[in-house]
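Should a chain be cited, it is by its letter among A, B, C and D, assigned in written order, with residues numbered from 1 in that chain.
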C-alpha cells in the first residue's frame, strides 16, 4: 500500500534553492514525488508556486518526510489548528513535541496565525491559550501543564530566502578563507555597519580576552564610545584583562606597549578583580574614578548593557559576572531579542556558540577568529547571513575602527 | 648606590636547567650576579649547591628579581617566618600578597615548615594560625580577616626537577606533533597507565562531547568498567550525547553505526535530557533501568565520581549538571586533590583548562585534541610532565583501549 | 537597447541544483531571464527541460552571462561548429581562447561532437583537424599554429549531476569534520574501495612523508601488496623515509618502534639516498636485495607504477626523482588519465593539489590530513565526489587496512 | 670494562643553556660524567670553562655520546687533524661521513682551522686539500674522489649563544602565539629591519601567492621600491598573480578592490603568463612597458634579484621560472650566502622550508602564516633567532609598511 499527502511551497523557491532542497530530502529519505502544479515566476521578482504529491511506503516514513519538508517551509494545503498537549512536569517534554528551527515561525491557533515569539533553535513552542500568544520555550523553562505544540500540523516556517542583492554577506557567504583581500573585506563590513546603524539597527559584540591580549582594546573602546556597539557579551576574562590593562597597562602581566612581561605582573589580574570587589561592581569602580578607560568603562559611560557570563575557568570572578549558566543564558536572551540586527563574534568560540544558539536566522553574523576551525564551527549554525574571517583581533579591530572613521567622515562630508 | 642580596639554590639545578633559568632571569631583568659558591654534583645523582650575590641599582628592581628567582626555588640563606596580613574584606586581597605557583610549596611559620595544602596556580596562601596549617586559597574563597601570606619571605617553592628516566613524558615533553608514530605513542601511554594503576595511582579524565560524536564512547565506557578511570570531569554535552547514544543509538541525531542523520534525530538530545529529568538524576535513570550502558552508566555502576559543569551553551541541562561555575570549580577541586596522578584531557579545551588550573605541577597530563592550537594551549601551563597528541578521540581511544587490553593480558600471562 | 539570447538546459537540472545555479548567475551578473518552457520531470528518474531567454543591457554583459551559463551545461538551441584560431607562438594563447572546466566536454566540429580527451581544468582545447580529435592542452604544451577553440560556441559541458544514491561520497559531501565517527567513516571507505576494485576500477594514492613518520608505512605497503593501489604519486621525502625505515628502522633518525631518536640517526636519510645512488635506482636496489620491504619495495615487486616528483626542499634526491616540475607533471598526467576511478590523498597538500589539478570532476577523491585547512583547500577544487577526513595517517591507514581485511574476508566467506 | 674520554666546553655555556643540554645528552644516552674543572664566569660577560670526563660501558655508546656533544660545541682537549676519505662515486657518501649542523663550523687541517664555507644543515664537508679550503657540500654536489670529512675529530662547532640583549628575537623566541599585541610586535620588527639596513645588512623575502590574494602586493612592492628587500624567493604563483593583478586588477579572477569574481577572470592568469611568454621574460615585459607596477616590476626596476622556483602545481609556468628543483636550489643558495642577515617568510610553508634548509643558524628569521602549524614547523628548524607570527599577509604587510614609514621618517627628523 502506498501512502500519499500533498504539500505546497510558495516564494522564491527556485532561486533560493529551496526547491532543490525539497527534492533532495524526499529522495534521500526514500520517498517519491509527483509535481501537480509548478508555476515558475517568470521574472526575478515573481514568486513561484509548487504543489507536490509525496508518496511513501509506510506511515512513519511519510511522516518523517513531511516533518523535514516542513522545516524547509512546505505546508499542507489544508491547514488545521496546532495540536497542543500539556507538559507532564517541569522540564519534561510531551511525546512528539515540535522542535523549533531558528527561522521565523507561525502557529495556527483558533484560525489565527500567531507569530512565535523569541524564536531560537531546538526549543519547544508553548501556546498561552488565553493571551493568544505563542512563545518559543527552551527546555529549561518548560513548566508542568504548559500547552506544548505537537507535530508540524498548523506550524508554518518561513525559510529564509537568500538575499538577492550582492551584499557583503552574499559575497562571502559560506567562505572562511584566509586568502581574501583583508582590507577589502573590512571596508565592506564597515559599510554594512554604517548602513545598519543609519537604519537604527542594533549591533551586539561577543568578545574574547584575545581582544585585549592582541592590543585591540582601544579600538573596541572607541567603537563603543562612538555608538557602533549596543550590547556586549563576554566573560570574566575579557572584563578582567580590560580592567587590568586600564589599571596597570598589562594583560596577564604583559606590558601591551612593549610586549614584555612585567615583574609581579602575574598578580595584576588578581589585583584588578580585587579592586572591583572592593568597589562592589564595575559601574561603581567607574563612578569612583578607579577605572578610567577601556572597554568596560565605555560600556558604563555610554549605557551599553553587558552580560558577563561565568565559566569554570574563571579566577575571581568579578562581582558583575553571572556565575550561574542558566541565569547568564536568560540575561543574554533578553538582550538579543531586542532588535539586534548584527552580531560581531571576535575571538571566542564558546560565547559565540552560546549567542549563536539564541539568534534567529535573519540576524547577520560576523565571526572573526585566528583559528579557521572555530570560524567554520560558527558558520555551521544555519544562518544564511554569516561571514567568517580568519584573522586575529589585534589586526582586525584597528583596521575596522579606521574604516568606520574614514567612511563615516566621507559620507558626512 | 648598588643594592645586593644573597640567595642559595640546591638540588639538580644544572641538569634540570634551573641554573640557566636563574641566570636568564637576573640578566633579563637588568641585574648582576656573582657566584660565591658553586659545588657541582660530580655524578648524576649528586645534588649541586650554589650561592649567588644578586646586585641591582634600585630597591624595587632587586625585589622584582628576588621575587622571580623565588618562583624558581631560590631561597634566602637566612629565612624568617612568613609575613601575614589580614584580608580587608571578602575577596579583597591585601597589598603585596604572595601569589602561588603550581609547584609544591612550604611556608615557614613559627620556625616550622608547613606544606601548603591544595596547591594550585595564581592563588593566595592563608595560614590557619592555631591549627598551624597553610591553605592554598583562590580569590573567590578569601574571607575578611584571613591571614594572608605577604611577599616571598619564608616561602619555599620546590621547583620540579625534570624526570631523569626516559619516560613517555620525557620522550615527548613539549612536543605537539602530528608527525609521530601514533601507535608507538599510544603503546607508551598504555604502559604508563598500567604502571600508575599498579602503584595505586588515580587517573582522571576530562572529556568533551567529541568522544561520543567520533564513536569512542564504547571504548571509554570499557576503560571505566575495567577500572582505568577514577574520576570524570565533563559538561552537559558529553553526558547528554552519551545518554542519547544509549537511548537512541544517535549523537546529535546522527546514527553512529551508519553515520547518517536519523529523521527526527534533532529531537533526541532533548528527549534524552527530558527522560533524565523525569527520573530525577542520571543515577536514578541507571537504577530504574532507563539508561543501560555507556560512559555515564559505567560511572554510576562502578562508583566513579563525576562532575558535570554547566556552561552557557547548554541545552537543558541535565539535573546532575552544576550550573554555577564557582560551585562546579569547588566540586572539581575536591576530586582533583584526592591523589590524582594522571589526567587524560580528550577533546575539550575549556574543561581541560579549568582542570589544568587546579592541578599541581607534578601530575602527569595527556592532552588529546584534533586542533594543534588547543594542544599547544594546554601544554603551555607549566607542567613538566605533559604530553600533547594531535589526534581525534575516535581514533585515539579505541587504540588506547586495545593497547591496555593487550598489555595487561600479556603482563598477567 | 536590450539584447537577448536563448539557452536550453536538460537533465536532472532541478534536483542537481543546476537550475538554481543558473538563476543565481544571471541575477548576480545583472541580467534578466524569462522562462519560455519548463518541463519538470514528474518522477525522480525523469529529466527536466528548460528553455530560457536571457536579457542584458550590453553586448559584453550578455556574453559574460552566457559564458558562465555555458560552464554549467547550458547550450544555445542552435549550435554551430566551434571557432578555431591558430596559436601565434609556443605557449602564447590566442585572444578569446576557451578555458576548460574539469567536467566532461565535447566540441562540435564539422557537425560531429568530439569528446575532449584528457580533460582537466584551466587548459585550452586544441582540435587536430585531420584526425578529428579534440585534445585538452595545458599552456605549457601549446605549440605555434595549434588550432585553439575560441569562445563557447559549439562547446558542450556535461555538468556533473549529483549522485542520487546515498553513497559515502554523498553522505559526507562537503563536510570536513573531526566530529564524526571515525571508524564508521573508514568502514564506508573500505566498502567503496572494495566495490571499485570489484568493477576493475583503479586507485591512485598521493602520499606524504607523514605516512612513514606516523608509523603507517607497513599498512600502506600491505595495501599495495594486496592490490588495492594501482599508482603512487609522491616526492623524494616519502620514498627516502620509507627506504630509511627499511634499512635502519628509523624515519628521520627516530626509531619508529620506540619513538626515540637514534644516535647518528640524522645521517640515516643521507645514507639511504646514497645507497640507492650506488644501486642506480630503487628498482635495482630491490632487485639486488638491498631494499627488502616497505612501500617502494611493494611498488617494484607488484608492478605498481610511481612518480616521484622533485621539490626545492629535497635532499639528494633519489635517482628516481624527476627533478623537473614540468616533466613530473607530464608523468603524473599520463598515469592519471589511465582510468583512475579514485584517489586517496594522504598527508600532502602539495602533491594533492598537483594531482587534483589534473583530475576530471567525476573521479572520487578522499583527502586525509591532520590539518583541517589543508583538507578544506583540497575539497574546494570542484569535484562533486570528494570526502575530507581530518585525521592523521598513523591512525587512518592502519584502521583502513584492517577494515579492508575484514570486509574482503567476510564477503569471500 | 669502562671506557672514558675527556671533553672541554668554553663560552657562555651556563646562561646559554648549553651545559644543561650537555648533561642531558650524556644521561639520556646512558653515559656518566664527572666534572674535572668548572670555572664559572663570575659576571655576565665572563665566559665559563668546563672539563668533563665521560664514561660509557661500550665503545660504540661512547662514540655516540661524543658525537652528540660535539654538535653542541664540545671538543676534545687534544685535537688532531680531520680524517678525510674520498667519495667512492658521484653522490655516494663514504661510511662515517661527518654530517653538518647549521652552526658556524671549523675543521682542523694541517694544523690550521679552516672555516667551513656555505654552512647549512645535513650536508658533508669536502676539503680542497691544495687550496686549503673546506666546503659545505650537499649530497647532490658530491663528486667521486672528493675528500670528505669523516667523524668529529678535528671538527669544531660554534654553538650559538643566545642573544643576551633583549631584542625582538629574544622577546618572542620560540613563541608562536596569536595572543600577542600585533601592532607592538610589528613595530618591533620594523625597528629590527631599520637597524639591520642601517648596518648594511641584507634582507630576503620568501613569499607565497597569498600576499597577492590578501591584497598586500602594493605594500610589498613599496617595501621593495624603498630598498628594504634585497632578494626575493618565490614560485610561479606569486609572480603570476602579481602580474595578473597589474594587468587586470584581479588575483585568480577576483577583483581585489571589490572582492568579487570578475567574469572571464578565470582566464586572467593564463593570459598573464601568455603575455610574459610573448615578451620572453618578466624583465622584457617591464622594459616593453607591458608590466607597469607590482612586486615583480619593482624587483626589475630596483635590481632586486629573484629566484622563481617551479613546482608540480604550476600552470604555465612563466619563462623566468626554474623548473628543475636542483637548479632552483642552487640559485637560491647562491643568493642566500651573500650576507643575508634576515629572512621574512610570508605565507608559504614550502618555499620557506627550502630556504630555511640553506640558512646558517645566525640569520634572523621571521615566519608569518595564518596557519599556526606552519609557523611551528618553520620555527622547529634550529635557529635561535626565529620569530613566529600567526597572522595573514593582508593584515601584516600593510601594518609593517606603515611602521617602516613612520619609524624611518621619525628617525630622520
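What we mean here is this: a residue touches a chain if its C-beta (ideal position, glycine included) is under 8 Å from a C-beta of that chain, and two chains touch if they have at least 3 such contacts.
Each chain and its UniProt protein: A, B, C, D = Ornithine cyclodeaminase.
Bear in mind the structure is a predicted one, so any value in this text is a computation, not a measurement.
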item: Chain whose mean Cα position lies farthest from chain C; value: B
item: Between A-C and C-D, the pair joined by more C-beta contacts; value: C-D
item: Approximate Å spacing (C-alpha centroids) for the pair chain C, chain D; value: 33
item: Intercentroid distance (Cα basis), chain D paired with chain A, Å; value: 46
item: Whole-Å gap separating chain A and chain C, where each centre is the average of the chain's CA atoms; value: 38
item: Contacts with two or more other chains, residues of chain D listed in rising order; value: 166, 178, 371-373
item: In the complex with chain D, residue positions of chain C that touch it; value: 29, 64-65, 67-68, 88-93, 97, 99, 122, 138-140, 263-264, 266-267, 270-271, 273-274, 277-278, 309-317, 323-329, 332, 350-351, 353-354, 357, 371, 373
item: Chain B contact footprint on chain D (complex, rising order); value: 14-17, 19-20, 23-24, 27-28, 32-35, 38, 40, 42-44, 164, 166, 176, 178, 372-373, 376
item: Complex contacts: residues of chain C adjacent to chain B; value: 166, 171-172, 178-185, 188, 210, 213-216, 251, 254, 256-260, 370-372, 390-392, 394-396, 398-399
